[in-house]
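Pasting a structure here, questions to come.
All chains are identified by letter, namely A, B, C and D, in their written order; residue positions are counted from 1 within each chain.
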Amino acid sequence: MIPTSACLLLSAMLFCLGMLGVLLRKNALVIFMSVELMLNAANLAFIGFARQHGNTIGTSGHVSAFFVIAVAAAEAAVGLAIIIALFRTRKTLDVDEVRVMKH
Amino acid sequence: MNASSSPLLNYVVFLPMAFAFLVLLLPGNEKGQIRFATLLGMLVNLVTGIWAFAAFNPAGSEFQLEYRLFWLSDLGISYHLGVDGLAVALVLLTALLGPLVVLSSWRFVEERVKEFHVCLLVLQTAMMGALCSLDVMLFYIFFEAMLIPMYFLIGVFGSEERQKAALKFFLYTLVGSLLMLLALLWVFFLSGPEGTRSFDYAALYNNLMEANREVSLCMQNNAHCSNLSATAAALLKWGPWMFGAFALAFAIKVPMFPVHTWLPDAHVQAPVAGSMVLAGVLLKMGTFGFWRYAMPLFPAQAWAYQNVLVALSLIGIVYGALMCLAQKDIKKLIAYSSVSHMGFCMLGMLTFQAEGTMGAAYQMLNHGVSTGALFLLFGMLYERRHLRNMTDYGGIAKAMPIFTVFFLIITFSSIAVPGTNGFVGEFLVLLGTFKSNLPLWAGILATTGVIFGAAYMLWVVQRVFFGPVTQQANAGLKDLRFREFVTALPLVLLVFVMGLKPQPILEVLSPSVKRYVARVHQAKPNPESNTARELLRMHVRELPTPKLAQAQVDDSQPLNQPGERQ
Amino acid sequence: MSASPSLASSMLSTMPASTASLPSFSLLEFQPLLPAAILAVTAMLLMLSEAFSVSKSRSYQAILAAVASVVAGFLAFQNTQLPVGLILDGRGVMDGFSSWITLIACFAAGMSSLLAFGFFRQRNAERGEFYGLLLFSAAGMSLLAVSNEFITLFVNLELMSLATYALAAFWRRSSRSVEAGFKYFILGAFASAILIYGVALLYGATGTTQLDMLHHQLPKALEDTPWLTWPGLILVLAGLSFKIAAVPLHMWTPDVYEGAPTPVTALMSAGIKAAAFVALVRVVLHVGDSSVVFLHLLSFLAAITMVVGNLLAIAQRNVKRMLAYSSIAHAGYILIGVAALFTANHLGNDVGVLSATNVANPTAETLRPMALQGILFYLLSYAITVVGAFGVLAAIEKREDDGAADAWDLNKLSGLATRRPGWALAMALFMFSMGGIPSTIGFLGKLYLFKAGISAGLIGLSVLGVLASAAGMYYYLRVIVYMYMKPSPETEMGARHWSTEFVLAASAVAVVLLGLLPGPLLDWLRQAALFAPN
Amino acid sequence: MEKLFPEYPFSIQNIENGLWLIIALPLLGALINGVFGKALGRKNVHWVACASVGGSFLLSLLVMWALGNVNTSVFNPFSPDISRYALSADYGTWFSAGSFKVSFGLWADRLSATMLLVITGVGFLIHLYSTSYMEHDKGYAKYFCFLNLFVAMMLTLVLADSLVLLFVGWEGVGLCSYLLIGFWYDDNAKAWAGRKAFITNRIGDFGFLVASFLLVLLVTAAVREAPQGTPVSSYRFSTGLSEKGPLAFQSLSALATTLAATDTTAKPNQETPALVMNRDIETGPLKGYSYAGVLTAVLLFFLLGAAGKSAQLPLYVWLPDAMAGPTPVSALIHAATMVTAGVYLFCRISYLVVLSPFAMATIAVVGCLTALIAALIAFAQDDIKKILAYSTVSQLGFMFMGIGCGLFWAAFLHVVTHAFFKACMFLGAGSVMHGNGDETNIKRLGGLRREMPWTSWTFLIGTLAITGIVPLSGFFSKDAILFGLETQQLTGYVPVLHTLYWLGLIAAACTAFYMVRLYVLTFEGKRSPLAKLPHAHESAWPMTLPLVVLAALSVLAIAHGLPLLSLPHSPHHSQTLMEAYLFPVFNVANQLGADTQKLLKTGLDKTEWTSLLWTGWFKAWLIALVSGGISALLYFKLWRGGRKFPAILEPLRRFAQNKFFVDELYELLFIERAKGLAKGLYRYVDAFFVDRVAVHGTAQTVGFLGRVLCWFQNGNVQAYASAIALALAVGLTYALLQVLS
């Protein structure tokens, strides 16, 4: 059996990767995908812990993961729409260009 | 001791507000109507003010004409009005200045007339409210609310640099008063266990009285420090900070020495009406605050920091006067003279002794009359020439003899020539300083103020009124118009009335003075002062203190608190 | 009002033993959800109307949205009287606090839809989705307020946020609006991910996502698995701090507030702030007692949020941006109240300059209601004020200025007092209220908060708070300077619209009236605060 | 005595009740002229003005009469005794606070009555004179308003029964003086002179106030610590205090008596009471100071006050400048009345003065130095009014010497005689100016004796009087003072007084010299070619009549100085009329001086005393004669007609002409310093440090921080995300630290 700690380690790595993606990548779409990666890291953690805890009181980790997936989907819908709108106004997806408002 | 309830003060406070609404309803271009309505409002206010003064019985209980309603009980606040001798005298002064202020601006303000007069009326309400409040939070509300109309008066209707000056005035005052607010909340929590606390002045004071006594005993003798009550211990430790916050707020308003720099700017930029009210009443809020709140609530700290405050007052007296000698701008000079004069007020109050305190109280009124009149009169000149520098004038006496006479009389009042009102106040303050526990040199230093006062005021007179007419434009100036004459006359007459027949006013002030001294002295038992307990405790009409409703969980309530679930 | 026995039994049925069978819920338990339901249904109706409507006129959309908000708000108000307890198997909570936040959300939604009415009418851009999204957002806030479980909380937070991302970017033609939506979205999603990862970690440490249970598990978890629990707590706190715009997670605020269409900004500053705070308070209430670290963290957050928010605002000439920064500062003040929730447990500890000096020997029983009441009142007062303030900006904003760099420069306010005296007066009132000058509701709000702060012994923090708010008064006054003391330019004013005027008038009246005669409001809020859970 | 002053048919009670009228009449006159002056027209204005002062004069005569009556006595509120030869009236409380109280109480004894007569009498004459002198002035009504006001204030000063009320008059006369000096305000120099006078007086007032406050403390301390049986510990005293306050003169008198009674310096064997003059005060603000010490301080502060008002060193500088006012004003205010207020003050509190020999010696020294310096300056002045002004300063110095040696009556006699002859000369000078186109330089006058006979004769009488030529009044008053210096036994300071005697003689010699010079240059010889008008004209009768009357009084006043009477209780020497008349006033002081052995009459027996008196007189007379003679010789013969001053004396002359550069010295030492201090404080402390650095500095720092923070807000979404990540990292680190610890 894979220990929970391994699961956790993997999810933590995913989370950090996602975060680094958000911080470092310049393409809006890639950044958005990195966010999804972070969400999935959470999912992985939920699943791992759910297995560790078993079927306990309240909402279980499995269910949580499903909710997170659903939310991620909705986020994708809204997010992509916004990114499209952004592309329409700027003709670029480079986030460094998206800085009309500052200071 | 319970005085009967009287609604009179409600009228005193809120009638100007009612007239403000009336003025708001008038069409903006009907300047005459607006002015007249405002004047009427102020006159009505004057009548109510006189009525209140007449209704006040010096031999009666401390606070009279009380009126109390539940208001914001949840916060421990109530709508509680009432006046003591000092407050009623200041109410009279405020009411008196009201119509004069309106008259003084009859021609001066031609644009945005409506806003101007609404500001005046609202300001009047705020000032009256602050004077009549017997609930500390209510006082604070009025105290702060005063800033708004004054801010507009300076900022909209002032001279060139008006916006900066208004901003400075507002922020300066705000910093102090916000810190005071915190201290006030702190005191509130100290004043008793949950459910008994209230911002009502008397309750707050009475609740703290015992603790204050313990603190002062401890401060005099360490042996008493061993078994302090919790409140007293907190008061001992944090009292200086609380007192400091109160003192700072009021010191800024007075203004005392290092926090005075807003005043010259505000006065210079303010329109005549603004300067008059500012000098006449607003500054008194500082001294009044010290008198009513800072000292009685923290007598032990008041004693402990007496020397610091006295030093600042003395610096204020001398330094303010020296500043005057360095000014070219007349309004600025009068403003600095206020610093000096208010230094006398503070000094008198800090003697913690009957004569000095009485002098301080009287000096508050005097300063209102004489500095108010100085600004009023200079305003008349300013209206004609729109110049403020002394060098722009000279030989005015030739063109405007009546004006000159008035100005001279006020000048003499300002430098406390006997027979004018200023003398009585200043004499008593100085006498008090000598009789108090302060070192003799303090009194001697303060007395030098009489020399400097004459030096700078006569300098102004000399430069503006005497000598040859240096500028052609000044030669043709018209003397006072009838309206102006009527505006200035009451103050000029008051100078003499208050100088020659001060006793009726002093008698009204006297019980307040006695109580103030007794209250401060409870922190330092003095063989000379027999502070009867009866004199110390405040007696006011009590409403049942609203209890903060505790969580009354109904037993029949089937729902459990979530925390109980396990 | 007494609860039905069935509810009581349902509570019993949620005990661990009975998880196997589906719990049966009483109708009463759904009552707190009712406002959200109304909002959501109306939202859908509006969306559908846009799809199927043939009518050219779309005036009814705004009115409908407003009416739905009013109805929902009325129900929320009714709900404040409900008994207190957990609902829906512990996933939700029924208390006055949540109902009041719902009420604020409905207020914000109703007011912003009225603002949007005139705003989009002027730009010929009325669209049903807008109101639909707006109501969805409000529904999300309302549900967020009743959430008592992390996943529920997360989903509702997302419901609220997703709708708002879309709203922020709604003004598609404007590159600013889209940029605002984009920034908000990216950062919001980022923060959500952080939050949910924290939730996952906490779940791992305690085995539950339900707040009340977490409360009991936490002490043990902190001892057994600190490596898991602490990061989880920090991540959750960070995720929520993002939504309330606490420094240093505040940086999105000015850009988003500036770019979003002004009615949306009003919604965000009034509604989302309140909802985010209720989430934060709920979470923190359950976890905060476990360690003094939270007191430190919250005090520190409060301090830098107040100071930095005000400092940033001082440097602004762009009024809209300035108000955005000031909203950060206001979050800082509210955080004093949040910090005050915990000092009772840490009295006597020397916990640094910023916190916990024993002044009045408060107990948790007296302190918590006071702090909660303060937070609630402040949120309410801020909502009323800020809606009005952004309302004035929406009113003076002209179509030609859309997208211009100086669209909200202070100069645009020059001479407003002579051109639109009513608006100027209202704006002045809002500014005084935000600055906390007496006789406005903002003063009472500050009074409550600082009272709680002092009572909790947070002297240093309170002093910092008043100094910061005094400094803040500077930029509020500057607005007044421009309105009242600068000559008015020759340009024409934008058109008036009754709905905008209504919003301004209502807010202005409320600011003064509730500032002077809050009447039973204080009692109601006290009840709400007294019965808050935990 | 009784025979001299027959009983007056009116009841004394009525006169007592009507005391206020004396003040009220001129006050009313001032009010009428001030408010309605323009409408009244010149005739009515001076009618009102003269009538009001004249009325006061008549009332003063009544008072004088009443005070001659042995039955005139008043009840002393502070002690069970009765004060004889005095009237008093109380018109209610002025103000009261705490234990302090002042009432509008008037008190007329023989001292004040004499002053009353001088003020109203000379005042009336000067009013009369002014009607002609100011004939063409535009501010006619204003002038008489001020003049009436002055008289009212001076009368208040004299009639006051407490120091506070006296201070009202004290400041009031200063105020009127300010107004009248700057009467022609459109001349800058004149207006500045007024301000200078007022401010210098204010410095004196500062001293007066401090002294009064210290006295209050002294009374309080004495009441607290005095042993049973002393006046201040009596019940009556406490009722008096609550009725009239501690600064009433009767209270001070009781204080003095108490202090004297407990003084042990003179009676070493006496049992030591609780309150001892030289013992430290035990409680209160004066704790640690002795009664005697405080009393000396009080008197020195009063000396400062008196120096301001009476133009003594170091505050005399205002008086010469005050000559900028109309000449009748100089006569009334700056010669006859106001400037003698300081002397009057010390006479009033003589019982306190005698208790401090040190203070007395200081007063005498100050007076003597003033007399000398002023006389030296007067040598070199050419302005007729300036010379008279310096001579006034100098004469005032003599009066202070009189106070200092404890011969109050002599000092006061000099006040009276000086009032006559100096007013006469000032009015004469005014007449000269009036007739010569306002020329004041004596070098441009001359030969007026023929053209202005009345003026010149009266002036001559005045000159002789001030010089101290035998049959004239100045001789008796001045020499009484000099004699006092020689014979009074001021314990511990006898050598000082003896030194002063010689200096006083020198001053007297100087006086004779410059006064004769003045007279000669102005009236004798030929008319100067530089004169403004070719011919002078004699003035009209309203101007010459006062001259004549005053000159006559200057002569007749000798009656007061003649040692006519010999009273049984003063076996050593005979008393002068003045001394006898004022005996009830100064009796307490003399008694206390004798009791405490601080101030004693000479121990000489009658014959020694008489011979000393006669030699003293002879010396003084000789000196005046010689000095005046030399002066007359010099200016008649030697330096007449533009002859050069000996070159060797030229720098000295210049030095004196420039008033020893005292004004410049003050300017440099004090005024410039104060101005510089004010400017510096304003520029560096107020404007720069407090306002710019502290206030604006804070504001600007805040603004700067705001801009710095804004810079981080760079618009890049990844930067924002980084901030979040960073916050997270910090939070996590913090949490981990918590875990680790």
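Descriptive notes on the structure:
Convention: a contact is a pair of C-beta atoms (placed from the backbone, for glycine too) under 8 Å apart; a residue touches a chain by one contact, two chains touch by 3 or more.
These figures come from a predicted structure and were not determined experimentally.
Innermost chain of the displayed assembly, by C-alpha centre distance to the whole-protein C-alpha centre, is B.
Comparing the centres of all chains, each the average of its CA atoms, the largest separation from subunit A belongs to D.
Once the centre of each chain is set as its mean CA position, subunit B and subunit D turn out to be 39 Å apart. Remark: subunit A and subunit B have CA centroids separated by 63 Å (rounded to whole angstrom). Between the CA-based centres of subunit A and subunit D the separation comes to 97 Å, rounded to the whole angstrom.
Remark: subunit C and subunit D have CA centroids separated by 78 Å (rounded to whole angstrom).
Of all residues in subunit A, those touching 2 or more other chains are 19, 22, 31, 95, 98-102, listed in ascending order. Residue positions 699, 710, 713, 715, 717, 721 of subunit D each touch two or more of the other chains. Within subunit B, contacts with two or more other chains are made by residues 171. By the definition given earlier, chain contacts exist for A-C, A-D, B-C, B-D, C-D. For subunit D in complex with subunit A, the residues that touch the partner chain are 710-711, 713-718, 721-722, 725. On the subunit D side of its complex with subunit B, the touching residues are 92-100, 164, 167-168, 170-172, 175, 178, 182, 185-188, 191-192, 195, 198-199, 202-203, 205-206, 209-210, 213-214, 216-217, 220, 283, 285-286, 674-675, 677-679, 681-683, 686, 690-691, 694-695, 699.
Residues of subunit C that touch subunit D in their complex: 182-183, 186-187, 190-191, 194, 226-227, 230-231, 233-235, 237-238, 241-242, 248-249, 251-252, 254-255, 291, 293, 297, 308, 311-316, 471, 474.
Within the complex formed with subunit B, the subunit C residues making contact are 2-3, 5, 7-8, 11, 83-86, 90, 93, 148, 212, 215-216, 357-362, 365-366, 369, 417-418, 432, 436-439, 443-444, 447-448, 450-451, 454-455, 459, 462-463, 466-467, 469-471, 473-474, 477-478, 480-481, 484-485, 517-518, 522-523, 526-527, 530-531, 533-534. For subunit B in complex with subunit D, the residues that touch the partner chain are 168, 171-172, 258, 260-262, 319, 322-327, 353-355, 358-359, 395, 397-398, 412, 417-419, 423-424, 427-428, 430-438, 440, 443-444, 447-448, 450-451, 454-455, 458-459, 461-462, 465-469, 500, 502-503, 506, 510, 513, 527.
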